[in-house]
Amino acid sequence: MTADTTANLPQNLQAIRDRAPLIHNITNLVVTNVTANALLALGASPAMVENTDEVAELARVANALVINLGTISSSRAAAMRIGARAAVQAGKPWVMDPVAVGALGYRSRLAAELLAERPTVIRGNASEITALAAMQGGGVTAGGKGVDSTLSSAAALEEAKGLASRTGAIVVVSGAMDYVTDGKRVTGIANGHPIMTRVTGMGCTATALIAPFLAVTPDAFAAAVQATIVMGVAGDTAMEMAGGPGSFQVAFLDVLYALEGEEILAKARLT
Amino acid sequence: MTADTTANLPQNLQAIRDRAPLIHNITNLVVTNVTANALLALGASPAMVENTDEVAELARVANALVINLGTISSSRAAAMRIGARAAVQAGKPWVMDPVAVGALGYRSRLAAELLAERPTVIRGNASEITALAAMQGGGVTAGGKGVDSTLSSAAALEEAKGLASRTGAIVVVSGAMDYVTDGKRVTGIANGHPIMTRVTGMGCTATALIAPFLAVTPDAFAAAVQATIVMGVAGDTAMEMAGGPGSFQVAFLDVLYALEGEEILAKARLT
Amino acid sequence: MTADTTANLPQNLQAIRDRAPLIHNITNLVVTNVTANALLALGASPAMVENTDEVAELARVANALVINLGTISSSRAAAMRIGARAAVQAGKPWVMDPVAVGALGYRSRLAAELLAERPTVIRGNASEITALAAMQGGGVTAGGKGVDSTLSSAAALEEAKGLASRTGAIVVVSGAMDYVTDGKRVTGIANGHPIMTRVTGMGCTATALIAPFLAVTPDAFAAAVQATIVMGVAGDTAMEMAGGPGSFQVAFLDVLYALEGEEILAKARLT
């Protein structure tokens, strides 16, 4: 199973670098720069557009859409609703990052609305995924402190599987071990370094990197697994040359730009 | 006096790293990423939320609030009013950074409004503190050029003491020498490097780092002194390994993440 | 001709470092931090203010204004209209960056409106300049993919000259070769490195750096040429010490801070 979903990672990475898919991001104020740079380093062409007068036009021509709830406002929420709807109508994949859902009521309600637009992939930490699953009828209680999870990813795995089954989305739960599931299959990815929790926007980057993979393959499960592997291996490799969270960020972009597909597969730690 | 306010710096820093206090930031567009990373490197858990539909809910559960006037808009100003009120009502400390107050009329009026919510600590450069003191009845004329001060911190010290006495806030004036005062006591901190004025958001970072100290100690004067020392010593230490304003920023985060309390005290230059 | 427009680059750079001109930026969410840091590293004093209640007041006292359409919203568009008008009325130079104009209808209409306020300099990539020229009556079809150009700068040179002639603005077309034209004269600058297209906001930085040169010289053509040379030489020099797009950004700020005028002229590759 794992081999099937990872074997063409080098080809997909090369396709991203060759085609530079246009990735539309409606994301948060903290990570706009970080996300754009990570997408550029990978080889994609990011566009950060959240204007309600422009999002539908861009979502139709972009190759994939990323919606991140980090710093929502009423106008940004409106842009998300318009953008998700336009992407779906144009047959474009979209990824949702439910930042801090469960911890704050307004964004939890918005996330429930956006779920109705059927995201292709949902990525969050254990608290966020658990909260989203509970809202969807899974019936467990959420736990979270702002944007940081208070649960382990393993504790959220059953909730993630239920969320995937009910919504049709691929669900990624980030943590010391990352899990990707479509409700039946589960791939665990053990790459990545704890320092990534001391750098803002690493989760948002993990979400954003899924979009270019969705743009080059119709297999959303494989896209989510491969992007999560790239994220984790880039983190491991960057940490080998970093001395703290500042130099880590610098090395992460350098590594993302240079890593080759075969090297990534060789470093992947899957279960 | 100085010994009293700095002796437990190592314990407070350790408490921040152990408890990861949730710091709510309503801040400016230029520094959201920088501020979040500095708080994470120190050991705190930042949340950047400025949505008027969410700020009260978050301010009540967060351990401290930071309000920074750098890029205000009418909706951001509304969020600041709601957030400050909610923090005060919930008994949470809050820090105000009056960016460019005195230079522009709209934000000067907003700053006066926010002062009525009694910030726990106010941190600014000499021009900003002088302008704020003048608005509060101190009667001097403000001087400032956009966000950069045209006065030395020493020139603003008497104004800072007056502002502290009238508002009950601890006041920090940043400059080549930083001063912290409660209106009677004054601690001067000579750490820090001039290159910090060539990196955007260093003042905003100095403000933000006060919040986690307020979250772990009820002594607001000590919290402001200790955070200001950490900021200055981290700057000094980072400059030892930096070659300019780009590498300084990288080193600053690495140093903030790694510095130990005893080392910080040993490097502090107090008066 | 070239000698005339570059000979006083060292003096102008020194004037920026001595006077620290106040540069008002109404720019996009992705690059606020990057732009502020580049302006600080060069020696200018940036202020990022986009509040409709403050832009006119600041535009009148600032030494130059930068308007960047990257992440426009209705309120940011309103701020741009107010700011451009106030700058012109106060006799201050202003620079326009028509990010992604041509690719999205709303911003193309806004760009046409802003052109009526007669920007001193316009800087964009080939797709953006071609689109702007077409809107202005040049009659060619635009090509662009989000924020990235699908045309070479040489292909846009005739359009750039026409745009300059019709608007009275100096026009800069960025690409592997950068062109600066006033409609008659053309200076080509071959500095810069392809990795700059893999770092977000490098075009926005190229735009912003023109403003402090406009603040210290009345010769707008020379200001645009000199700023474009500084940008390209700083890029070349940074790439000598960088290993990818992350370390490039760090080195770029260090270099911009340290480069001396004579060294810049020695490294300039002009045609």
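Each chain gets a letter, A, B and C, in the order it is written, and its residues are counted from 1.
The rule is short, and it goes like this: a contact is a pair of C-beta atoms (placed from the backbone, for glycine too) under 8 Å apart; a residue touches a chain by one contact, two chains touch by 3 or more.
Worth saying up front: this structure is predicted, and the values here are computed from it rather than measured.
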| item | value |
| --- | --- |
| Graph class of chain-chain contacts, one of line, ring, star, complete, other | complete |
| Chain copies touching (chain B, chain C) - same or different residues, decided at half shared | different |
| Where chain B and chain C are represented by their mean Cα positions, the distance between them in whole Å | 33 |
| Sequence positions of chain A contacting 2 or more other chains | 29, 33, 249-250 |
| Parts of chain A lying in touch with chain C, wherever the complex brings them together | 20, 22, 24, 29, 32-33, 36-37, 40-41, 45-54, 57-58, 61-62, 75, 249-255, 257-258 |
| Contacting residues of chain A [partner chain B, same complex] | 28-31, 33-34, 70-74, 100, 103-107, 145-148, 197-201, 243-247, 249-250 |
